[in-house]
Amino acid sequence: MSEVEDKYGSSFDVFEILPNIVRNKDKTIVIKYGGNAMFNHDVKKSVIKDIVFLKMIGMRPVVVHGGGPAINEYMNRLGLEPEFVRGQRKTSKETLEIIEMVLCGKVNNELIKMMNYEGAKAIGMSGKDMGMISARKLRGEYKDDGKLKYYDLGQVGEVTDIDPYIFDILTEYDIIPVIAPIGMGEDDIDYNINADVLAGEIAGEIGADRLIFLTDVDGVMTDPDDPSSLIDEIKAKDARRAIGMTIKGGMIPKVESSLKAIDRGLEKTNILNGMVPHSLLWKMLTMERIGTTIIP
Amino acid sequence: MSEVEDKYGSSFDVFEILPNIVRNKDKTIVIKYGGNAMFNHDVKKSVIKDIVFLKMIGMRPVVVHGGGPAINEYMNRLGLEPEFVRGQRKTSKETLEIIEMVLCGKVNNELIKMMNYEGAKAIGMSGKDMGMISARKLRGEYKDDGKLKYYDLGQVGEVTDIDPYIFDILTEYDIIPVIAPIGMGEDDIDYNINADVLAGEIAGEIGADRLIFLTDVDGVMTDPDDPSSLIDEIKAKDARRAIGMTIKGGMIPKVESSLKAIDRGLEKTNILNGMVPHSLLWKMLTMERIGTTIIP
Amino acid sequence: MSEVEDKYGSSFDVFEILPNIVRNKDKTIVIKYGGNAMFNHDVKKSVIKDIVFLKMIGMRPVVVHGGGPAINEYMNRLGLEPEFVRGQRKTSKETLEIIEMVLCGKVNNELIKMMNYEGAKAIGMSGKDMGMISARKLRGEYKDDGKLKYYDLGQVGEVTDIDPYIFDILTEYDIIPVIAPIGMGEDDIDYNINADVLAGEIAGEIGADRLIFLTDVDGVMTDPDDPSSLIDEIKAKDARRAIGMTIKGGMIPKVESSLKAIDRGLEKTNILNGMVPHSLLWKMLTMERIGTTIIP
Amino acid sequence: MSEVEDKYGSSFDVFEILPNIVRNKDKTIVIKYGGNAMFNHDVKKSVIKDIVFLKMIGMRPVVVHGGGPAINEYMNRLGLEPEFVRGQRKTSKETLEIIEMVLCGKVNNELIKMMNYEGAKAIGMSGKDMGMISARKLRGEYKDDGKLKYYDLGQVGEVTDIDPYIFDILTEYDIIPVIAPIGMGEDDIDYNINADVLAGEIAGEIGADRLIFLTDVDGVMTDPDDPSSLIDEIKAKDARRAIGMTIKGGMIPKVESSLKAIDRGLEKTNILNGMVPHSLLWKMLTMERIGTTIIP
Amino acid sequence: MSEVEDKYGSSFDVFEILPNIVRNKDKTIVIKYGGNAMFNHDVKKSVIKDIVFLKMIGMRPVVVHGGGPAINEYMNRLGLEPEFVRGQRKTSKETLEIIEMVLCGKVNNELIKMMNYEGAKAIGMSGKDMGMISARKLRGEYKDDGKLKYYDLGQVGEVTDIDPYIFDILTEYDIIPVIAPIGMGEDDIDYNINADVLAGEIAGEIGADRLIFLTDVDGVMTDPDDPSSLIDEIKAKDARRAIGMTIKGGMIPKVESSLKAIDRGLEKTNILNGMVPHSLLWKMLTMERIGTTIIP
Amino acid sequence: MSEVEDKYGSSFDVFEILPNIVRNKDKTIVIKYGGNAMFNHDVKKSVIKDIVFLKMIGMRPVVVHGGGPAINEYMNRLGLEPEFVRGQRKTSKETLEIIEMVLCGKVNNELIKMMNYEGAKAIGMSGKDMGMISARKLRGEYKDDGKLKYYDLGQVGEVTDIDPYIFDILTEYDIIPVIAPIGMGEDDIDYNINADVLAGEIAGEIGADRLIFLTDVDGVMTDPDDPSSLIDEIKAKDARRAIGMTIKGGMIPKVESSLKAIDRGLEKTNILNGMVPHSLLWKMLTMERIGTTIIP
């Protein structure tokens, strides 16, 4: 990755970025921030500065974050054994309590603190605040011999409704919402929600202009081992066809979430490597080709 | 306590409460909710309903909560030994992380969820949201032979500044703020703050009309073992004199916080037994003499 | 009626009414208040308190009143002979002046005074204020031998237009409008309007959620002499068919007005006995089956 | 008066009135309209048009009216004998009810109807609306042999408080308030208030710029029988001294009310003959010397 | 013209103009002011007063002006030879600079100064302010032997877009916009735009109610030499047919602009003789038949 | 100057400028732009971009400009001989007309066009717009033998009043005001005003935070020929003393204007070399020591 890093820096040319600042003024950018890009403190600090910078020059970032390795660490410390069903983590009531504490009380709190420290005004929330994210149990399903079969993932949920009310208020007062992916069930049970999926749902519901996944790979690659195989830009319909083929693993929810959001009117979505210094700024402020862009 | 409970119920007479509804319309009521009154699920549910009820009939509750026994439970599970200095818990960096996770990710989340479930709009916050509570290290001090001596309590803090901005916004949009007592240090270190003290500071800063401590005793009693010794109403100057005498233990921060808030213009403060069903409503909506009231 | 009265009182259980307060928050309720329920001072005082109570807990009452026996009293004192055509009172220019003085200068003034005394903010109006109710002469008609025949009722009018402008303003400032049923004719002649009909027209025009007739009978009864024959709930289309059959006399304008308002989008209308203490509150705040409800 | 009338007409020169329109834009003008200037229908129609004209060109008229001979007419018809104490009418409870009905239900209603008919938006009110005029019993007093003696005038009141709230709202929405001089007593008894006095109190409370008395004489005259003795302009301190001397009878409350209002900051007050066609417009829009002006 | 002038004056009768003031309140009136009606200082002063008068009594004038003889004067002084192509002035880059300086720096500045002096609040603008008028090169074309032929007029432009944003702001704050007919080209070259055409485009874009051409002839005449041949009122479809026949020369852009604006929803347009004193007021405030009115 | 230019460029480091963006958010910056820094097209384009950049990142620039050499050019072309009195240009009525045309119709129009082209929203104004700058004749004076003597500078004016109203409106709608230094006299005569002085008056009146002079020298230098003698920062009281000594010529009005503005509450003023690329950005966004700063 060193080559990539050499290419970029933290300096931007006024003549180049001014038109992009003008063009993106007042645009709402939902940023999913997760994975290893949250692990390293320096990377995190740089990402936070970038987000605050975008805010300061007139954009409206909304941040959705994942849990990083912090959840695993606490589960270990509490002696909780992870349980997996078909490769997905099953979430028990006890596990969810830990997840929620770590996501809201630790990860989210750290992010807003860093943003406020840089001069922005940020508020941390989960789906319980204002009851804004309603969710229900997600039914795990797979095909076996052509027949659908189901399995139980516990308190893993899917979004049934998002109330955009609080987003409008925070936008009006220039406050950055930072959201932990916890949903409130109608049956009074909480759910853990995939943050990639949630980011797309929020982007669609609040009529965001852009959805960005800050992750730890460079984007969609035809050959994961060959950086030069990075797909620079892909149309939604081509991306749909590529799911399960070139698009695999953790890239799938990002792309599916992108496609759903594009169907609801987004201009474009980006998958960026958060480990590359200022990738967010390079993408939003310059014409630099970086990451994978999905367009309608 | 059974006698007391017999006296009260959940029914209110329209003819009696209407004048109080009118009188208290648009009044801001800071409610410190803590201790054992948060322990029992039924009591908690009833308290939450009372707060939502006050909101619905036109008052503006602001809730500050403590941690209840949940913090202890998690510290035990994580094998952390409590350390005490002169009877006060010393807060290490590691302990604070647990405290913050439990306060924000568990206790606070449960409270707002219950409020939202009852039909109110509530948002959970700590002092890190909007950087609204600034704090600094509290210096433990005691007198020994007439000389002041100091000891270290770790990351236990005192409030240096409260930014009322977010309260104004939430008030305008009829949202109940629910606040966990965590402060943001200028030195980038967080602090655990006494919730009684924080409630008073907030009440003073946002120009609240009333400050109520919902706790697990009936109020200030001259003889803690004799319910009939309850002091119904006490003037600020008399209360000041009684500190260390009739007013002892956990009652001290409540009274000191009350006095400070009254100095900044509050109408009155109440110390109520949250275990008594609907004590909050009886106090705010009827002429019933209940708990201890401190007046200017 | 004593049995009924025994059943009700002025006490309400917080646990029962909270969900109804939440559900009805910000709902606009047009209340037609008239007949004998306005005659007795204690009943009137209680009804006024109920209306103020609904306002204080977040609903938006709009009151339309009739004239009660006060008009008759003044007509007698002034030696005016009532004149009837086919059972309807014919309104001469002189009579209308008395009606208007009594409705606006006495009945309406008393109602707003009582509301303001209870802590609400109320303003009295007639259709002349802001020129908000336009009316034209109502043509009395009947069928004779299959042919329509007409007769003259003098200055009795029907609504041709209602200007919702002032209602929006008063709603914004939390003021209760109290309206006397006088309309302003384009031909510069005023008209007396049936208050039941006017209430429905206003409800339709301002997009009210609910229309309530507070009268002096329990509701629609299949046998007026048998309280147990009260129809609890009736669908609009069934009510339409029952007009002239089960629905007779003074109940007809109430039901017709209800049907018209439901056609314009109201959730439901209620016919309640204003003589029953707090019938308004029981209906709006509890699940008690009381009065007759007409649903779409 | 015919000479005076010849001098004036309803035509105004754009070049003359434009600077006055600019100068008086957004100024609040309290107009006391009463006496015989309300008796003649043509005069009334012309006065109403003038008021609406002032409103349309940007001023903010607030109208306070008296009762005219309509009260006497109804008292006669109802066989009520007027009772006088030291030349002032004593108001019994029964009389007040008639006064209120006539003022609010007849006189006020006619005025607002005419204004709305001319294209303005007017609302009729008395002190009961919003409880905006608080009053108490006025104690009649006179000196006998150097000692103060008191007598009872019944429900004649003096203003104790005026709530400007509704005036602010109506001003914001370009609505003309038309006010009948009835006050709401704290003891739940209403009072009849002198309209000249009330106009001054309102002007003072709402911070009006100008107070105009539209009456049926040309102004303050040193010799009431000699029109040429009209005092064109008088300073407040000179007017104070002239009370009881040149200033007599019904002119006294007008002047005293003027002085009180000037003390509270009014620019000036005018006493005009409402019988002179368009005297209001001549005064406000031209440099014509007409009526008596009291200046600070 | 003296006969016409005798007929009119600067005096208006309140009884006549009040209904028109009411009817035209808050109406947006685009006024094209140009030609010889701008040449004479007294006429100009009178026209300015009329516009300010309309503003003061509640209408919303928007003024578009031409250049008058001032442009010619400066071109002569600078020794610039006018160049004509098929009877139209060809605008070189150098000429446009002079035109712009004279229109914005002299003519426009004089108009706003006079308005502000009369007590209005006016702001001068050209299409460059806020980039509000976008234009492109107008292609001169004519038919020769049935074939379209083109010629070059230099920097004469046609409107491609008008941004109504600033008009909304100025309207909200009661400011009169005064606009010089200069357009901003996408290719970074400015254009001179026909002021008649621009007035119609603006009227259409901002949803004006009325469009008035203040020029130096009495209106559309069947015989230009016979004042009695003035067409009082003409329907749009008849006007369309008359172009090139009765409607000739400088009247053509006025009528074509009118028709286009009427197609976009205007109530009517007027062509008035600005040399006739107060023709604008007579048209807007009385029923006087003056000028030519084009109706849908 | 090449050395200086080498030092600077158009690239800025996010880590360095973020804190300055935060610190200067919503600050109002009055920028006097004039002299040779307006002469070169490339320099002008770069300065315009810098101003738009500051606007886009949240500051509120207000631009006051001078006339540059464009006035001289047109005076020459029109054959007008400049007339000087004691080294100052005497402004005749005819000269002022040229000055106004060039300033408003050419220089100002070019500036706003360039800003709008870069994506900002700018409006050009002179003191005649809204009548916002009132001025009176400036009396030239000098001392001869200890006696004050006066001379006539024609229509050169000094500011008597500035109306901040329009600035508030434009600020609210994110519009950059660009102001030509022409004042409106009470005596209906216009005046040419020194742009340095006007910038200071505006800064003081609208409560600006900062005042910046973009000129063509590096700042205040003790030896004008030695760039290294540049005074980096100077206190107001020291600057006052240095006037006529180190501070000479065209620097005097800049410094005097600065001192006056600082007296009225400005944080600081800067004198910068507009010829140095991006000096405005370097000053506002970095800690670079550039130009001369005057502090309270």
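Order as written gives the chain letters A, B, C, D, E and F; numbering starts at 1 within each chain.
Quick note on the criterion: a contact is a pair of C-beta atoms (placed from the backbone, for glycine too) under 8 Å apart; a residue touches a chain by one contact, two chains touch by 3 or more.
Small disclaimer: the values here were computed from a predicted structure and weren't measured.
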Contacts shared by subunit B with subunit D include exactly C
Those chains which touch subunit E and also touch subunit D | none
Which chain's C-alpha centroid is most distant from that of subunit F?
-> C
Note the rotational component of the Cα superposition from subunit E to subunit F, reported as an angle of 0 to 180 degrees in steps of 5.
-> 180
Candidate from A-B, E-F or A-F with the same interface as D-E, over half of contact pairs in common = A-F
Centre-to-centre distance between subunit E and subunit B (centres being mean Cα positions), rounded to whole Å = 69
CA centroid of subunit B to CA centroid of subunit C, Å = 47
The distance between the C-alpha centres of subunit D and subunit F, rounded to whole Å, is 56
Residue numbers of subunit D (touch at least two other chains) = none
Would you pull the subunit B residues touching subunit A in the complex into a rising list?
-> 77-78, 97, 100-106, 109, 112-113, 116-117, 121-126, 128-131, 166, 169, 173, 175, 182, 184, 188, 190
Within the complex, which stretch of subunit E touches subunit D?
-> 9-15, 18-19, 21-23, 25, 49-50, 52-53, 56-58, 118-120, 278, 281
